[in-house]
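Would you mind keeping the following structure in view while I ask a few things?
Chain nomenclature is as follows: A, B, C and D, assigned in order of appearance, with residue numbering initiated at 1 for each chain independently.
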Amino acid sequence: MSYIPFKGVIAYPVTPFDDKENVDIPLFKKQVERLVSAGAHGIAPLGSTGVLPYLNDAEKEAVTEATIQQVGGRVPTLVGVSNLTTANTVYHAQFAEKAGATAVMIIPMSYWKLTDDEIVKHYDTVASKISIPIMAYNNPATGGVDMSPALLKRLLQIPNITMIKESTGDIQRMYYLRKELGDDVAFFNGSNPLALAAFSAGANGWCTAAPNLIPDLNIALYNAVQENDMEKAKAIFYQQVDLLKFIVAKGLPRSIKAGLDLLGIGGGNFKSPLKPLNENEIAELDNILSAVGSKAMA
Amino acid sequence: MSYIPFKGVIAYPVTPFDDKENVDIPLFKKQVERLVSAGAHGIAPLGSTGVLPYLNDAEKEAVTEATIQQVGGRVPTLVGVSNLTTANTVYHAQFAEKAGATAVMIIPMSYWKLTDDEIVKHYDTVASKISIPIMAYNNPATGGVDMSPALLKRLLQIPNITMIKESTGDIQRMYYLRKELGDDVAFFNGSNPLALAAFSAGANGWCTAAPNLIPDLNIALYNAVQENDMEKAKAIFYQQVDLLKFIVAKGLPRSIKAGLDLLGIGGGNFKSPLKPLNENEIAELDNILSAVGSKAMA
Amino acid sequence: MSYIPFKGVIAYPVTPFDDKENVDIPLFKKQVERLVSAGAHGIAPLGSTGVLPYLNDAEKEAVTEATIQQVGGRVPTLVGVSNLTTANTVYHAQFAEKAGATAVMIIPMSYWKLTDDEIVKHYDTVASKISIPIMAYNNPATGGVDMSPALLKRLLQIPNITMIKESTGDIQRMYYLRKELGDDVAFFNGSNPLALAAFSAGANGWCTAAPNLIPDLNIALYNAVQENDMEKAKAIFYQQVDLLKFIVAKGLPRSIKAGLDLLGIGGGNFKSPLKPLNENEIAELDNILSAVGSKAMA
Amino acid sequence: MSYIPFKGVIAYPVTPFDDKENVDIPLFKKQVERLVSAGAHGIAPLGSTGVLPYLNDAEKEAVTEATIQQVGGRVPTLVGVSNLTTANTVYHAQFAEKAGATAVMIIPMSYWKLTDDEIVKHYDTVASKISIPIMAYNNPATGGVDMSPALLKRLLQIPNITMIKESTGDIQRMYYLRKELGDDVAFFNGSNPLALAAFSAGANGWCTAAPNLIPDLNIALYNAVQENDMEKAKAIFYQQVDLLKFIVAKGLPRSIKAGLDLLGIGGGNFKSPLKPLNENEIAELDNILSAVGSKAMA
């Protein structure tokens, strides 16, 4: 049987920098601790939220180790190891496994659009070099490649690729994915505004940066779904939809860091060319956070 | 209080033609009777499924009268009266009201892309000439205009525009619509593959041609939602999603007529240039219908 | 040999209405006379600029007859006869032929997306009922169907389909069209901002509403191309590109009528729901017209 | 006065690898020598064709030095130094300057979509650290950011940003760019199938990988434009358009390397996950090359 170590709300931390644009590991650990304490069901460093592609090797390794150390086995960890080249992806996947990651997440990043055969070969090479499970991640908006349900079906034949993360933002894709792949495939939703629709479509989990700001609401949505209470799930979802829309529209690293600053936790600095939200955007986020009551809860 | 005469599954009949491309009214009445008998909560002639834009005035009027006569007040009727010009829209809206329609549906058809002010003026003119409620219909794929939530909000200030039908196929639009328009606005889903997601988002009803082929499954989905049973709704939805996908992909008039032929009810002919599905497509539809068991039920 | 009655600048008149939304035939004739006098190489009533789809049968017939009467054989005429149904397209094509049109233009209008076979059958039926040449018109933005080069090749096998009008706005399409169809196929550009690129790609002519406002510049561009003077063509093109961009961005009927008003010729009223440009837009157009000197020339 | 060191045909070499996926510098030098000998007016290593984003720092530096050494000042060099982070872009820009590059090309690569202010700051920081000119490169398809004419205008106010490379594939963009930026701005076309249209629009040069395969035809097109002979330019363009279309459709590194193999020069291997064209594609390219006569010329 395939090993699927995740379910529920998988939280994506940001990567905070100090004023010299070096990773601020102590602040990162503090942020991770808060996610675990709040009840997140998994921790996923070095995703898009964690600005993976902007980091050098040493930074990626430091973040990986800090995560695993801070989480301390309380929940599973899912480390992003995607890279343009196959060789570098193998390198980081092996590092993550050795450091103790529960699983790795891989998106077929592309500058030159990859063919299906190139993608299969890429995953197959990486999979053959590690023993932990892989979550294949489809997000054409960031990765530049749109993996069809048929291609994902091919990938799932590689033994340790056991999970799919789908982030096209189109709920219909999730329906056809499940029809194509069968009822027992593990798929995860990576599009925040689709959280309710994806759970009602049968998603195993929700990969999201939102728990940095509103962990209670995110987890309450999952619980309502587990209780099969559609009305309650809908009510909880509409409480948070404005925030989910905002963080996607403004970019996850910028909006999550601004929110962490507003909550008094501290989001840390950015690596250039990325810059913080402007004042108007921060004021808008402050209003949204106040409306959902998360400033009181923080 | 605004008058909202619809909820549940609103069924869209096709318009059948004879071999001289004249509307076949007896067959149309037979199809409508079947929809009402099967439990549809409303009947909506002269929609896209009913190839409204291809009909001349006499044909539109005959279909309107045949619907109202056959339904006989058992369920409410929603008559499509959209036209490129405001004058013709007024003409058909007044005809529908006089014939006894419960409400009319209007999409701002556009050859030349309309401005927001033009759209508001168009609806306002029509609304001022009739007393029955109007459902404003947003479907950029067919109408060529995408009405923003802000524009729909303006339209809802016109007294007898009381309902919104949203058919962009993007569930996120429905969330933002409800947030923008308030909890008690009546919005209806016009995208078949979004049926489950839209109900879980709070849609009042589902405007669909699917009940021509699988009325029991469509109504069962609505009932599961009313019972607040998410698991049951999901299971029923996945039973029908292949059919919903097929009829949208192949075009509603073509696929519904082919299905009615397969079910032994008879779909009628087409008006040129529209032609029937080809043999391979019909065989594919036959397989899908057999899989959902609707041939046994018909 | 196929008969190709057009080349150069084919001018598209608007359809002016009076204050009761009836077609203003005297003003229409005045506008047509001005186009012919200014040197346009052909006149094409009932195009998109002439709001064909908004007119009833009587209006279409009146405009057709008025055009042929006013032009009086000085230049060839190209009458738009497109309609959603094949039967109505035949009707109007036959009317145009009988009235004395040189050729007809047909776009496969679609509410329901047509298959290639449906499109071929549609053209074939119309072509078999008339003897004058047909220009097949590809414009997915208004017609809703994008005819591939392969499909256009099929259409050109119908004897009296002798010309292609291409309006996707993508110059690459024109290159591949010519490669697919051969050097001697007659293709015409329907995208105003592509006027220079299309002539440099070998287009036989330019279908445009711009001569209503700047006929001298439009014709000068064609002449520079005929003289094989690329530098001169470029200079003349850049003199008019702001106007070409404006009329496309704001909609041809609205912007041409506003321009005719500014030039003192008179554009006439609109048929609802279409409305005039707003004041700011008219002021912007006035500036552009002044910059190109057309107000002095009018 | 701003310094604009380029015009004409700027040739982009591939980056060849050996069978261990290390850069094959001797083969690279051979390929560069051929481009210079064939008459290319400039050499641009480390572009998209040169798979810049897939290379590590040592590889980038080796390619930069090999180019400058092999070119030996016979034509100007334009070195790609784009990077996701500002710090790395500065590093490579400074390396290129020190190594003797004539200018650098920079596209604002983005994983997270950059704001206009972030882009300006990014360019400004890099520009302040070097003295050689910068070509700002707009290519939303690969870079993920579409820089508006207004933003490009802001960038041109930075003293050593003196050139724009435009690769949206939309010729209209080039017209509006020139209107916005003024007649004397230096803009270069980066879209192969637009070569003719761009020159007729006034482009200073053509940034292209095609000279690896058909240098004579590429240069002949530029010469015909210089001679103001539109008919000749058109004829030469249509001779090469099939090849230009092919290399863009199949990906520049794959198709150029396959072509170099077919021509007997040798294209070198790929870095995974990129793989060679398949057999059918190679056969198609062989046919196209034979048709344009380049195999005889090579």
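Definition applied: contacts are C-beta pairs under 8 Å (C-beta built on N, C-alpha and C of every residue); 3 or more make two chains touch, one makes a residue touch a chain.
Here the structure is a predicted model, which means the values were calculated and not measured.
Trainee: What chains, if any, are shared contacts of chain B and chain C?
Mentor: The shared contacts of chain B and chain C amount to nothing, since no chain touches both.
Trainee: Averaging only over C-alpha atoms, locate the centres of chain A and chain D and give their separation in whole Å.
Mentor: Computed from C-alpha means, the inter-chain centre distance equals 35 Å.
Trainee: Any idea how many Å lie between the Cα centroids of chain A and chain C?
Mentor: Measuring from centre to centre gives 52 Å for this pair.
Trainee: What is the distance in Å between the mean C-alpha positions of chain C and chain D?
Mentor: Each chain's C-alpha centroid was found; their separation is 38 Å.
Trainee: Give the residues of chain B touching no fewer than two other chains, as numbers and ranges.
Mentor: Chain B, residues with two or more chain partners: not present.
Trainee: Using the contact definition from the top, classify how the chains connect: line, ring, star, complete or other.
Mentor: Looks like a ring, each chain touching just two neighbours.
Trainee: Which of the chains touch, listed as pairs?
Mentor: According to the stated criterion, the contacting chain pairs are A-B, A-D, B-C, C-D.
Trainee: Contact residues on chain B for chain C in the complex?
Mentor: Within the complex, chain B touches chain C at residues 21, 48, 51, 53-54, 84-87, 108, 111-115, 117-119, 121-122, 125, 142, 144, 251-254, 271-275.
Trainee: List the residues on chain D that touch chain C in their complex, please.
Mentor: For this pair, the touching residues of chain D are 169-172, 175-176, 178-179, 193-194, 196-197, 200-202, 225, 228-231, 233-234, 238, 241-242, 245.
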